[in-house]
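All chains are identified by letter, namely A, B, C and D, in their written order; residue positions are counted from 1 within each chain.
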Amino acid sequence: MRRWFDDLPKYADDSSWWPNGTTRCRPEVFLFWLGLPLTIMAYFGLSAFLVLFKGLNQTNMNDYFAFGVWIVVDLAVIALGAGAFFTSFLNYIIGKTELKPIVNAAVLIGFICYTGAILMLGIDIGQPIRGWFGFWHANVHSMLTEVMFCITTYAIVLCIELLPSVLDNRRIGKVPEFGTFSHNLHTIMIVFAAAGTFLSFFHQGSLGGMFGVLYARPFAYRGHLGIWPMTFFLFVMSAIAAGPSFTTMVVMITEKITGKRLTSHKVKMLMGKISGWLLLVYMVCKSVDTLYWAFIYLPSKGLSVGQMYQAPYGSWLVWAELGLFGWLPAILLLTPRVRESYGLLFLAMLLNCIGVTLNRFIFTIQSLALPVMPFEKFFSYLPTWQEWGVASLVLGHGLLIFMLAYRYLPIFPQEPELNQR
Amino acid sequence: MATHQQGKKQRSRADWLLLVVGLILGSAFGFWITPTILYAEKPQPLQFNHKLHMEQVDNGCKSCHKFREDGSFSGIPGIKSCKNCHSGDEPLGNTPAEKEFMKFLKADKPIPWQVYARQADNVFFSHAAHAENAGLECTRCHGKHGESDKLRPYEYNRLTGYSRDIWGRGPIGLAGPPDRMKMDDCAKCHRDNGVNQACFVCHK
Amino acid sequence: MDWDRRTFVKFAVGAVLGVHASPLIPKFMDDTAIWTQNWNWVPVPEDGAVAYAKTVNPHTGTGAMAKLIDGRVEGLRAIRVEGNPDHPLSRGGVVPADASALQLLYNNETRVAKPLLRNRATGVMTQITWPQALDLVGGNLAELAQKGQAHQAAALGTDPSSTTGQMLMRLMQALGSPNVAFTPTPRETMALAGLFMTGQPFLGFDLANANFIVSFGTPLLEGFGAPVAVRKAFAGWRGYPKNQAYLVQIEPRASVTASQADQWIACKPGSEGAVALAMCRIMIEEGVYDRAVESAYGWNDVDGMMGFKSYLMKSIDRAKVASLAGVSLPKLVKMTLAFAKADRAVAVCGPGNSGDPGRLYDFMSVLALNALKGNLGKPGGVVAQQPLPLKSLGGALPEPKQPPLAGSDRPFSVNNVHDLAEAALAGKPYGLKTLILCGGNFVFNGPQANLMHDLARKTPFVVAITPYMDESAAMADLVLPSTHWLEGWGDSTTSFGSPVACYGLHRPLVKAVAEAKDAGDTLLALAQRLGGPAAAALPYKNLAEALAKRSQAMGDFKKLAETSYWAQKRPAYGQMRFNTPSGRLELFSRTLRQLVSKGAGGGQDLDKAVRALGVKGGAQAAFLPHWEEPAAYAEGAAYPLIMQAAPSLRTTWGDEAITPYMVKILPDTVLANADKLVVEMNPATARDLHLYAGDMVLVESSAGSLTAKLTLYAGAAPGMVFVPLGLGHQAFGFQVAKKGMNFNRAVKVTSDPMSGMPIWELTGVSVKKVRG
Amino acid sequence: MVIDVDKCTGCGACSVACMSENNVGVLEDETEKIRSITWLRVYQIDNGKAFPETEVAFFPRPCMHCQGGASGSPGQAFFQEDTDPQEAHTPCVSVCPAIATDYDDATGIVSQITSRCIGCRYCVAACPYHARYFNWYDVPWPQGTPRGLSPFVSPRMRGVVEKCTFCYPRLQRAKNKAFLGGGKVGEMDYQTACTEACPSGAITFGQLQNPAHKVHKLIQSEFAFRLLEKMGTNPKVYYMSKRKWVRMMADNHLSQAKATQAAASGGHK
């Protein structure tokens, strides 16, 4: 007698959807692991519901910390997602085709980061249903408007860039129209890569500009080059320095989890080298900027560097950001022997990514923590569980999308070749 | 590929016709839904004959829609204002609307008029600035309301709750006053006449 | 033509284009944009004709102007309370209590709308009608009167000089009860000091015209008399590039007054009077006093008793006083000389920081200092107010047969709620059966709140006449709703310290809540219900009529009501009239001596009698301005610290409750962590006690306690703890209730020597850390 | 606006008058000062000295209605002088993505239109005076209290930013009256609620640039100063005090940097 569940394995057999020449874990194992992102998403869902329904009083943000962990995470993931545009730029426009094996992964990670960031921003504002006023009644002078426009359009560009990978799925690709469409898309991808580069350059910069223009906030304010404050350029630089590292890191983590080789080490080393050089340039600029800020700008406002760093946001932050997570990874990444080692390369990239995250944290939280009026009190801020819940969205939906994409989409063109038995 | 192209050629004319049909239907649907579904009617508590009253008074609209001493505008007059003329216990005329009105008068109860030109709460509109300082006629924004012999039904937007007069009765809604009284119209007139357009000129 | 996918796509594209060609999309976008701006639960206040009506806030004495709006649908309502620029004293200014008065007026959750009867066992309140309510009170009182127990009914009010207060007195007296008592205020202390020394009960300080002001521990800028009037004077003292007047504040804490003063002399708590006397002696020694004072009665020794000068020379050594008060002697001398030299200098006494009525001998000392300065009756000095031209509500009534509960053991007494409560609770000479609380929220305001709480709990029948469901109403058996001052009639008389007499009248400006009645009208209705002598004593239709009768001399009542005030044009400058037995200024008070000697003989007896009245200095000092150590010093080692209030106009001053807006603007050095009262201590004192900022502490006196969070303030005198006033309500809605603790619950009230007035300026306390 | 710190007694009448004028609500817990909406907040400062030298003073702080762009303004930095007028503008206005706030050149007042505001709080971050407040909560209006609300100021909803408007609706009504009477809005016709309420007359309000107005003369005084002048925000609220320590407290000074740093770290054990 056949039992009702005997057929289940047949239905659950999704091997025909797997990318060509690859193997994936059994469906039940996959389903089991899907539980992890789904749990995170449930946590996110509960937090988001509370925040949307009861209001932002569910957070620990306040009139002094107008921005909190959400903006930090937003800025960080957008910086880390910069791998997408910069790798595409190098691959499609500069013609660094060596990077081809990792472009898809970069775009996917970018897509995850950007969609996550947009969703979080939607929850972060006090009037989510009016969020679109930024477009409807846009103020062209605001850096935030620029960010909103660029992020949204770039997210659309990312969707388009990601589309070929989806269409190249073994089953979907069999539909003739989709196949043709995908092919056509590939040929014009350079246009989107260019558009993406342009948009990204501006919003990465504008995110930095957001802080650099706050001229009444001495911690954040920076001098201008043209109409852009220095932070504009620093943010672009730090993002493109960290983006490739993050992309490569995610690939490396995936390799470790799946036990497969997904890209050749050469590609990773190249990514590391690119990261390293960019980071070096960034660190030089950032150091000059910091010195200028600390010894010329601040004193002109009657402030000293010492005042800028007060417990719990002490001066250890500078040393951490510039030294341990700045110069150190730059030097490491530029050392060929480090790049050759899988572990050390990973470590250097990790430091790099932590560095950029720390930078975003400092600009968001510490800029606000510093009281400008001498008689104001100094406050510190700790997020609530609801804030962590919403912030974990990127992790949850990132994992989910990445797991699905890895299982079904040909993200890693080198995979079949590298894993031949 | 070849068959596809062939098929396309064969059917192209009829197909394009359908596109036009779709266009017309879609557009008709849009034009139908915008006023019909979007707006609902509320009855006025009483009928009111502006024309008749205008014949009785000597200062036009301002006889009842007065400026107060502090420069503010009274808007729809309260029942106290009505008593200036309707002072006795007996109706002055013999319309059914007035009989209905006498009930409010006797009970000294405010008449719950639906206000056609009611703006959002955050709007500060200065009648003094427009009617006195700029010398605009009431009709510039309110049209020929003062010449009507009965109150038209009050229509309001189901989504926003505001009177239909704000967005205007024209199908496209681009007419400008007196058909429409949206912020864009205010801004346009201010722009055209070189009047300050800062937010706080008209918002509170 | 086949209806296949491609045709459908074309049709769909056409339809989509068609929809876009219609206004649907932009219209829908636009409407959505508008919809997102509508939050239906946000109130939309109705517009209407604006009108202003002048009135006077009886609780603060501020000349106010209610901004009224007459809406077409919602009718007349008040939307703001502003200052009345025409009012001669407050000239348009307000204090927070005025500006937020509407929050007490319009709050259905805290107002009493209908008479309520409370079941003592269950605490459940039920609505009853006014006739039922009046029957209940009337029946109760009538029964007592019938049984000859009328004296066992007592009534407490806030202001004996108001018309409602007068009515309360007449009603009780007509009923046969001697027990009417009022909130003790510095007006009484000042009246006594004035009577004893000058024969004038209504003395004021001409602050606006003074150019050198020495304030003895009285919070000039945190609540003194009519707070706005004082501030107006203060504003005149300031200027650029130099101040117009020199202000010296003598008190233990770096208060607002102390900080805004040109000089702050930090003294030990309770030593202010001694400093005043030291200044007198310095002036005499330096020869910089007005020689006219030498002709005062008691300048020299009289009848073999010490005169003022001898007393100073014998007991007030400048160095000793300086060290006792903890002030620098050279500074004190320098300041005194400047005071003596200034052309319009005045020394000011008044309520203490804790809001108590002040110590009689301190007031007398300050008056003596002013006399030495020679500023009595002069511009910028001490002036006598013209008595308000108010008529009596009726002829004299027979004195009740029973002695009053409080003060019968004193040669003169001011009937005050505290003494009455103490005596009634002790049952000496008898207990109470019925208690009428006419406003005042005594269960909260005390002065010793625990005591008033016990009184309300132990008295079998308690009636509260109040606009609010306050702490007193919550304990009453019967709650009778009265009007808020913006919706009812009432009056107020000259504030403490004012140089001119000023009468305030408030009238109904908006419709009263449901069935609320003016407190006066309730008393009249009660009198009618009782009939007989009560009705005869109060033959008025309503409060307005009584007010009209009383204020007859101030001109047309209707006009007066619209003007809202009557004020003496200018201070009475010129030689002050001394209505004393000697016809002169009396530095040795003959009046006082006569009053005391009435009960006792001379010599030994007198000394004994005086000591029985609490005067430690004995008969030699009792009739002179002199200084005695505050009782709080004698609390012993168990209560090593001294507690004083830190007053602020952001909390309250007087009997009205704190408002939500006032709670909102409290800094976190007053109220913190949602509901924690914050008390202040000097960092050095805290160190000695091993306490840190942020600790929860128990402040305990022999009369009660409170728990609070500790804050360290360098401006607080060592050895003291400073507590904010007016917090810790259990009533008045979620915006006010359960925030902080009531200062009056930790206060220990003592009797002022001689006058017997309750005083609570300083309380001996212990402070220890508790968990919390 | 000119505020005389030497006259201010910190009573809070201005703050309360402001709230009642502008329909500000009261939450159950208002001790959380960093979320408590007080358009005009009265800051207490002290001279930091020990007993008995301690002295306190008050800085009532409305919105400064910064104009920006004056001397000492942003672009003195690094590469070039900032020429973009938008950059040299009110700190909060230029950052708003939805034009919910603007700077009126005619009056110099910085507006805030709450129904346009999307609640991104970028302006809150931009303001060094903490004059901008976000509605973290729905305002609870206990039953009956809306009767006391003013129709001249629209009550706000949750999730938007609000701030002091220099009682702009009062100017609107003053203008109304002037239009009808044919006159002009005089100095005393337009006064803010806080100015009127202040019992010691510490606040003076008028047009800074109008020589006939009192404020014009007051700001010429050597005792007049502004908060954070070095930041280049160019605020329209001036303060006055004869006391040097009060004037020093209004801005950051390198000489004091060490002391405040020590105090701050001391206060955060």
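Throughout what follows, contacts are C-beta pairs under 8 Å (C-beta built on N, C-alpha and C of every residue); 3 or more make two chains touch, one makes a residue touch a chain.
Note that this is a predicted model, so its numbers are computed, not measured.
Chemist: Identify the chain whose mean C-alpha position lies nearest to the mean of all protein C-alpha atoms shown.
Modeler: Going by the distance between chain centres and the overall C-alpha centre, it is D.
Chemist: Taking contacts as defined above, which has more of them, C-D or A-C?
Modeler: Answer to which pair has more contacts is C-D.
Chemist: Of the other chains, whose C-alpha centre is the longest way from the centre of subunit C?
Modeler: A
Chemist: In whole angstrom, how far does the Cα centroid of subunit C sit from the Cα centroid of subunit D?
Modeler: About 33 Å separates the centre of subunit C from that of subunit D.
Chemist: Taking the mean of the CA coordinates per chain, how far is subunit A from subunit C in Å?
Modeler: Computed value for the inter-centroid distance: 63 Å.
Chemist: Which whole number of Å gives the spacing of the CA centres of subunit A and subunit B?
Modeler: 50
Chemist: Subunit B to subunit D: how many Å between their CA centres?
Modeler: 39
Chemist: Could you pull out the residues of subunit A that touch at least 2 other chains?
Modeler: Residues 127, 130, 133, 136.
Chemist: Could you list which residues of subunit D touch at least two other chains?
Modeler: 32, 115-116, 138, 154-155, 158
Chemist: Considering subunit C alone, which of its residues make contact with at least two other chains?
Modeler: 37, 44, 47, in rising order.
Chemist: Return all touching chain pairs.
Modeler: Applying the touch rule to all chain pairs gives A-C, A-D, B-C, B-D, C-D.
Chemist: State the interface residues of subunit D toward subunit A in the complex, per the touch definition above.
Modeler: Residue positions touching the partner: 32, 34-35, 43, 45, 59, 66, 68, 73-80, 82, 84, 86-87, 89, 91, 94-100, 116-122, 124-130, 132-138, 158-161, 227-228, 230-233, 249-254, 256-258, 260-261, 264-265, 267-268.
Chemist: State the interface residues of subunit C toward subunit A in the complex, per the touch definition above.
Modeler: Touch list, subunit C to subunit A: 29, 33, 36-37.
Chemist: Which subunit C residues qualify as touching subunit D in the complex?
Modeler: Against subunit D, subunit C makes touches at 37, 39, 41-48, 67, 69, 71, 74, 77-83, 90, 92-96, 98-100, 102-103, 105-111, 221-222, 227-228, 231-232, 234-235, 238, 240-241, 243, 254, 256-260, 264, 266, 648-650, 659-669, 671-676, 682-684, 713-718, 733-735.
Chemist: If we count contacts the way the header does, which residues on subunit D are in touch with subunit C in the complex?
Modeler: 4, 6-7, 9-13, 15-17, 19-21, 23-24, 26-33, 36, 38, 41-42, 44, 46, 48-52, 54-57, 115-116, 138-151, 154-158, 193, 196-202, 221-223, 240, 242
Chemist: Touching subunit B in the complex: which residues of subunit C?
Modeler: 1-2, 6-7, 10-27, 30-32, 34-35, 37-38, 44, 47, 49-50, 70, 72-73, 75
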